[in-house]
Amino acid sequence: MHAECSRGLGSALVGLAAMVIAASAAVAADPIRIGSFLSVTGGASFLGDPELKTLEMYIDKVNAGGGVLGRTLELVHYDVGDDVTKARTAVKRLITNDKVDLIIGGSSTGTTMAVVPLVEKEEIPFISLAAAVVIIDPVKKWVFKVAHTDRMACGAVFRDMKKRGLNDIALLSGTDAFGQSMRTQCLDLAGSLGIRVLGDETFGPKDTDMTPQLTKLRSVAGVKAFFIAGFGQGPAIANKNYRQLGMTLPLYQSHGVASKSFIELAGESAEGVRLPAAALLVAEKLRANDPQKPVVTAYKTAYESKFGPVSTFGGHSHDALLIAVDAIKRAGGVDKPKLRDAIEKTSGFVGTAGIVRMSAADHMGLDASAFRMLEIRNGDWVVIE
Amino acid sequence: MNVLEVRGLSRAFGGVHAVRELSFAVAEGTVHSLIGPNGAGKTTVFNLISGIYAPSAGQVYLGGAEITDLAAHRRAALGLARTFQNLQVFANMTALENVLVGLHMRLDMGLLPQLLRSPALRGREREARAEARELMRFAGVERYADAFPASMPFGALKRLEIARAVASRPRLLLLDEPAAGLNQTETEDIDLLIRKIGDSGVTVLLVEHDMRLVMKISDRILVLDNGRKLGEGTPAEVRRDPQVIAAYLGAAALGPKAGDIHAE
Amino acid sequence: MGVEFLQFLLSGLTVGATYALVGLGFWIIHTACGVINFAQGEFVMLGGMATAAFLGLGMPLPVAIMLALAVAVVAGLLLERLAVEPTRNGSVVTLIIITIGASIFFRGLVQVVLDKDFHPLPAFSGEEPILIGGAAVMPQSLWVVGATAAVVLGLWLFFEHSLHGKAVRAAAANLLAARLCGIRVRFVLLLSFGMSALLGAIAGVLIAPISATYYEVGIMLGLKGFCAAMLGGLRSGWGPVVGGLVLGVVEAMGAGYLASAYKDAVAFVIILLVLMFMPRGLLGRGARSERV
Amino acid sequence: MRRWLFAPRTGGFLVFLVLAVALPFVLPNAFFLDVAILALFNASICVGLNLLIGYAGQISLGHAGFLGIGAYASAILTGTFGWPAPLALAAGAAASGLLAFAVARPILRLRGHYLAMATLGLGVIVSIVANTERELTGGPDGMAVEPLSFAGFVVEGEAAWYWLALVLLAATVWLTINLVDSPLGRGLRAVHGSEVAARACGVDTDRYKVIAFTVSAVYASVVGSLGAHYVGFITPADAGFMRSVEYVTMVVLGGMASTFGAVVGAVILTALPQLLSSFQDYEHLVFGLILMLTMIFLPRGVVPSCAALFRRRRAP
């Protein structure tokens, strides 16, 4: 028995030793080290996957153009799936072991919020790609974010409904993090915008049939429009079911499905659906004088030439990286307090999500204009003015 | 005095009556055998007595107290022990530990002293181990004390089960085919072991196919057929019972060895 | 109310049919060798993803489906030969961990070789809903239910009337006796893994036009298939079928009449209650006494 | 003296302690310490779970549910209601214990895969509740957990947590080794070996199974509470099915019915993903492969299989 334990612990020690060696080999470095932790696998992989691809692509691009301040960028990335414990360990590893200069990541609100205390304590600039407003409200000294908040998306949808006189609606949201954040934000906001949510149901992110929920909502009296909030294939299935049940009321989806693949998944049933989305989605259709047009067109072309249809999520890491690069230049290096101050002073940066004007009181710097209402017609997006 | 008394015991599986209105008694200090052709319901009777099955009707008394509805482990606590036809040794423990489980009822104490391995527990464990070794010696398997069952021969496993059963110091020991699968010498050794157990004052109820063994060591024999009692009596009486002979023993079974039995 | 009920019922039966197919896959392997194959859901994924991949190469749908089924079957056979066969004498838990390892491996493989995107498959016969008593049903749902019925019938014929099927059942009843009767047990095991992979892949192909397919689609379906098999019981092939349909309908009714948020919880609560009070599943014949 | 040194209760425990105490002095930075702490917590859970799976032979695919009850009890009671941490931890443990005790009897009458299904369902229900009761639990986004403090003393920093986790694990290992070798432990193992024979020997098998299930549930709950305080954040996924499977995998990989096996399994499977992170996209593929190969070539688990190999080589 003594042999058992010394054996087992021995093998564990060998493993740890290997990690130590790997760690020390990775230290000698002159380049600017950018750490990232994203949900490249698991339930949120449709966020993390394009985010990582974009990050890698643009770091190569910056390096090909001579780097920043004469130094190259180096990416250290860890996949954390949906696991907050993994996220926290990854950030600890990035800070203490890889000694990165700043951190980009947290595809989801959960993985972001799990590392916020750590980032604050270790005092390292951190740009999150996740959506929830709690990330920057209240303001945390070292934490920034680039994605729109779900509240803004709700606002865009509700204002459009209001304009069309659709005051009474039914809500169908996913039980995943995105869907539930949307649900909370929308229910919270509805009253102040004069919208009444008469029906409120949910669906599991991996459900294959939402007919029962829709049938139930259909029987709610007085509903004038439907709003489906979720991401992944769930909203597409719900969208199909909606048409199959012969339901004809105006249908809204959220920015969670703002990508070409939604039209692909939902097929013909997507016709006439309205949804809020960032400018990126309709790059070519923007007016020529739109300040975002050159930025989003460039990103879209670059991404699609390499990987296929663009999504707004990849755009977030585009924005985060370029805001960081811009701030490093202004700060004249990667001294952490200076870099933090420089990020906070980002103003007028044109990204895929909108025009960013950060301040000490606003670590996101986006306003409602960041969202455009789109309608799907003939399998393509049309901007509603 | 009767250690065991069974009254009107019945058990059906689906539509099949495995045991039908069986009544018998086992007197203290005797070796009582249960015989009958395959499927006669012998093992079912054991399972009913030891509480593995619940009877459809009838009662079981141990030392005069009714135990019909008692859980198996409670019956063990009242002095009932058994072995199994198809071995049921604990393969995940050493032979010695198997016997220690047999001593379980006398060792069990509160959770805390066991977690902390209190001095009192340590003392009792030491004694228990010594006693378990002694029991293994008694059963003739002491050299396997630290072996795992997987590495022990079949005959030794049979004896190990007996040692485990005896460990609880039962009033009544049920032995289910202790000689099955054993060769001539091994059977004779088992015969000796059962005698030793009987001599130590333990009442034995035995199910066995080996007629020579049964005739040799039984004080009384109960013959079962189709779940019913066919006959009962001393070996000599059973041998003479024409019904028994017709249904089960037959002339061939007694044949040339008959003389041995008369010699007893 | 009546139409609503019908809609829930039809919706539940469609979903339940896929659970049944996956559950049957669990049952076949369990019958042949007493193992619960936690990689069963990955066969569902392989069927869907491979079909999508072959379609992407420009093949016509039927060809893509056939090839995809073949891919899944080969994966099942390899799993049996390379991972399960060498540890046949290991404990049940060891085999469970091996199949869990296999399912992680299959997901990792598909994620690297193909991609992590969602892939819709075209519906086999259009997307125009059919109205049954006021309730809308998709043609694809009929495909799912119909194919499940066909598979159940096929399995019944196989196990009741073919020599191979009887061999599998004999091996399940008594391995040694089966071997003595000249049944090649290794072949039986191989056959069962191949068949259950095929069933899983069929489910994957059928469901993909409804829910789209991606590399993690097998996790939830595998879990629900396991639930179906346990709910109905593994004593006979009807167990997973009944279990799957009941589970699907309970989920639909739960989502329709109760809170949709607790739809999955309702299903699990029912499974717990059934197991507590009918320990061998809905179709089990009560607790059988132990043989001693 | 030799005997004393080579017995698992003494010699093995000593080796384990020496290694564990030395470890923080050779680890280069906080990240390694963090992985070590997580490994210690996982090891504690697995040692408790091994009591149920390895010794009593009852599978549980829902153990993360109890972990989740502990974690959420601590998070909600300290954070939202301002309870002191030890009281919240005790409340979580009591809730887990009561739930386990209430369902144990009917559930543990089930065998094999049916038991696996029932425990799985139990765990999944916990994570569904955590996911749905958004006001209380923060829903799928999860919720922050206050740092661990009692009587004005706050456990902070990796070093402090390492020693806390180590003391916890050492105590667990010691108590478990004692228990396994006690009459109660033999009773549990007898349940695994042959339930009928155990009953015939006077072991109240139902009660023992209930004890094993409840104890390991309470234990998982306590470690869940502490782990939640350490990580500072929890999500429903922490109580989910995949997490339960992870724990079972750790136990089986390390070696069932081996207390040090559970420790080794937890250490390996906590460190392995960190080692594999350089494989990027191939991480899952390699992880699955390692899992399969280990079980194919060391079917009894790493520790027992290696020990058997070692014994065979030493005694030709």
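Order as written gives the chain letters A, B, C and D; numbering starts at 1 within each chain.
Going forward, a contact is a pair of C-beta atoms (placed from the backbone, for glycine too) under 8 Å apart; a residue touches a chain by one contact, two chains touch by 3 or more.
Quick caveat: nothing in here was measured; it's all calculated off a predicted structure.
Common neighbours of chain A and chain C, listed by label, are D. For the pairs B-D and A-D, the count of C-beta pairs in contact is higher at A-D. Note: centroid distance chain B to chain D, computed from Cα atoms, is 41 Å.
A straight line joining the Cα centres of chain B and chain C is 47 Å long. Distance between chain A and chain B, defined via averaged C-alpha coordinates, is recorded as 72 Å.
Distance between chain A and chain D, defined via averaged C-alpha coordinates, is recorded as 34 Å.
Residues of chain A in contact with at least two other chains: 40-41, 175. In chain B, 52, 84, 88 are the positions where the chain touches two or more neighbouring chains simultaneously.
For chain D, the set of residues touching two or more other chains reads 132, 196, 281, 283-284. Every residue of chain A that touches chain D in the complex is listed here, in rising order: 1-9, 11-13, 15-16, 18-20, 22-24, 40-41, 77-79, 82-86, 88-89, 92-93, 95-97, 108-110, 113-114, 117-118, 132, 175-177, 180-181, 184.
Taken in their complex, chain D has these residues touching chain B: 57, 175, 178-179, 181-187, 189-190, 192-194, 196-205, 211, 257. Every residue of chain C that touches chain A in the complex is listed here, in rising order: 4, 7-8, 11-12, 14-15, 18, 111, 116-118, 120, 127, 129, 136, 138, 207, 210-212, 214, 216-217, 219-220, 252-253, 255-257, 260-261, 263-264.
By the touch rule above, chain B contacts chain D in their complex via residues 50-52, 71-73, 76-77, 81-82, 84, 88-93, 97, 100-102, 104-105, 107-109, 111, 114-117, 121, 125, 164-165, 168. Contact residues on chain D toward chain C in their complex (touch as defined above): 53, 59, 103, 106-107, 109-110, 112-114, 116-118, 120-122, 124-125, 128-129, 132, 195-196, 241, 245, 248-249, 252-253, 256, 281-292, 295-296, 299-300.
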